């Protein structure tokens, strides 16, 4: 089995920018080396380039637009995040939804540019739909868990199980991430036990007093 | 096998509004009775109610918003198109794209209200994705055929075949409509032969000098 | 001076649809006749036509799209709300924001079709900006008052005064409506005293046990 | 009078990224020093930081979102473009339109962060509206000139004159840029003579064989 994958979305939190982003990236690099887990970060666009070049951990964009080079002022060209050193990209995050046609176009663009694609979804039906597009990952973010402080370990595990099954039926090559309700090593263990290959998380690392301690806890049971 | 289904999208064409809409609806009613085909129309929102009440043919909304009753000024409440007499609704038409999460919410709203859902898509991947959401119909509109004047009978039939197969694998209960490139009875026959259960079309009927004659031709080979 | 103008936005409230819409329209007609106030309603699109034809009060659309007749499935053609009998339309309501270029195009379309345009705004700067486009009305909806239950009579009157002044400087021909925080006849009086020519309101009438009594109170001090 | 301002929008052109962006920035730096004109560039987000730090010319973002630090995955935080070294930002470019309320919020955010704001508009009415929001600049991009190859020197000068006058009436502190149809030094001279303080342009520099020669021509008559 692959190493578990922990992807930290820095969003546009002030605790996830500038020197704070460096502190989190450094912590991720340290804990990844110690544990063997793969730990990635998704910084804001203007910091993709410095994060990619200063740290050995994989870096992801938070969004791409389904465009080719040309006249698209203010949009995110997939080629530009590739040039900035990104290994992959989130697509259709709950805070940046895309049309179905655009998700498909983004997944295709990512494939063409050898960017890993992580499509975010909100339930088992949309997870199956996203999987049908053939991305590398589907990250399930049940709305009832997003930013709720409710741990996935305490919530109905059926949400994740049904989505894993729906994704497998739709496209068995697509890997699944648990995308909300992750706060501790126990949550990560449950996420893995439910058949997902890792987690997508944000505030519990980004807003932590000591991100390195939280990361060490997250990988402690895997 | 069910009767073939011909759904005429009146869009916001001036040839599809007011007395013109009545002329098309009357023609559809006549040809449906003669031929046994099911012929529906999708008028603009303000004409849903009069079209539903004056004609025996099924009437469809062109769009719904994924909302519940409440404070949503200027949006299309699914309940309102139901009350106006609609049998169903288009969702995610190429001229009115929705996010994946919103398509799912619209399909669920339609199911709850006993409205038929017709989700429009642009290729085999998005057709499979839409089918995973469990609508009544997926209508494939290959962008290379939309408004092109190219007949599906002259185009690569693989586009439709691949989409039919993709939909069947994703959800065998979902019916498929051919949604572009339909101009004649031969096109309708090809659409049916390729495994779809009908067609979604617009300008070739709406902008015709004699819509009744066009409709009679469309059903002539089925 | 013109009669004060009271515009009731029925939104997509269940209390503002079907037989409920008829009850509110009938109450508005009665109170308008008694008081001499102009009372209009803005029902959902599918009910524009029946409301226009059954009642003598002016009827408004809740939104239009900046389009001309053509291939715009699922959009609101200004001509269609005109044909349905609307006297005017809301534009850029806080629940249906438009780009600046689209607001301008909608105001122009309304002018061309002899529809009254009521552009909604959120502060004095955007009120001046909207006035520069030359609509018939600007309706100021201070976000701190929308749906807050706070009466404009209790809130800082400076919000409305600054907007009235900003609109006058930008274009003295544009009339102003107070668009939030209206619950009683006293609120309407204050709105008029502050230099606006009427009010745009929703829930306090639509969700009332007895809309006719509320309307009678609203016009009682003018 | 201030030095004329020439702002080069690199868009997401492949000719405006990576080593190409460096070549254009270096040319701009050279010609700015020689001529005394102020020449700025607006690169893609991922290249804001390297462009700001390698060149002495002012660097602008192509867009900002009207957000504060927080949970806004995939959006452009004004603070992040400030940290990356931007002197200002485009707002509401014709390829990235915003709602009126969002333009206002972006202008306010830029003011708070000491970023220069350049709001793009399409005619005299929207130019007056934008000026009412109090940005530093309004850049008029008449749609009939954008990417048309038609030089502003050949087009109806009334478009620019009316917009300059409309902006002055709305807010005399706001400076105006001519935002389309600029191809030569003669165009820049006409733009200045019509009362604007500079130009916003893209393809004529970015897609030039020799950007330095084009820039030298652009400043030749001022």
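Letters A, B, C and D mark the chains in the order given here, with residues in each chain numbered from 1 onward.
The definition used in the following text is that a residue touches a chain if its C-beta (ideal position, glycine included) is under 8 Å from a C-beta of that chain, and two chains touch if they have at least 3 such contacts.
All values derive from a computational prediction rather than experimental measurement.
Visitor: Identify the chains adjacent to both chain A and chain D in the sense defined at the top.
Guide: none
Visitor: Using residue numbers, check each pair in C-D, A-B or A-D against B-C and return the one sharing over half of the contact pairs.
Guide: Copy of the B-C interface among the listed pairs: A-D.
Visitor: What's the distance between the Cα centroids of chain A and chain B, rounded to whole Å?
Guide: Chain A and chain B have C-alpha centres separated by 37 Å.
Visitor: Averaging over Cα atoms per chain, report the distance between chain B and chain D in Å.
Guide: The mean C-alpha positions of chain B and chain D differ by 44 Å.
Visitor: On chain B, where are the residues touching two or more other chains?
Guide: In chain B, the residues touching two or more other chains are 94.
Visitor: Pairwise, which chains touch?
Guide: Applying the touch criterion to every chain pair yields A-B, A-D, B-C, C-D.
Visitor: For the complex, give me every residue of chain B touching chain A.
Guide: Its residues touching chain A are 92, 94, 97-104, 121-123, 125-126, 128-134, 166, 170.
Visitor: Under the touch definition given earlier, write down the residues of chain A that touch chain D in their complex.
Guide: Answer in residue numbers: 9, 11-14, 17-18, 42, 44-50, 62-63, 67, 69-77, 79-81, 83-84, 90, 93-96, 147, 202-203.
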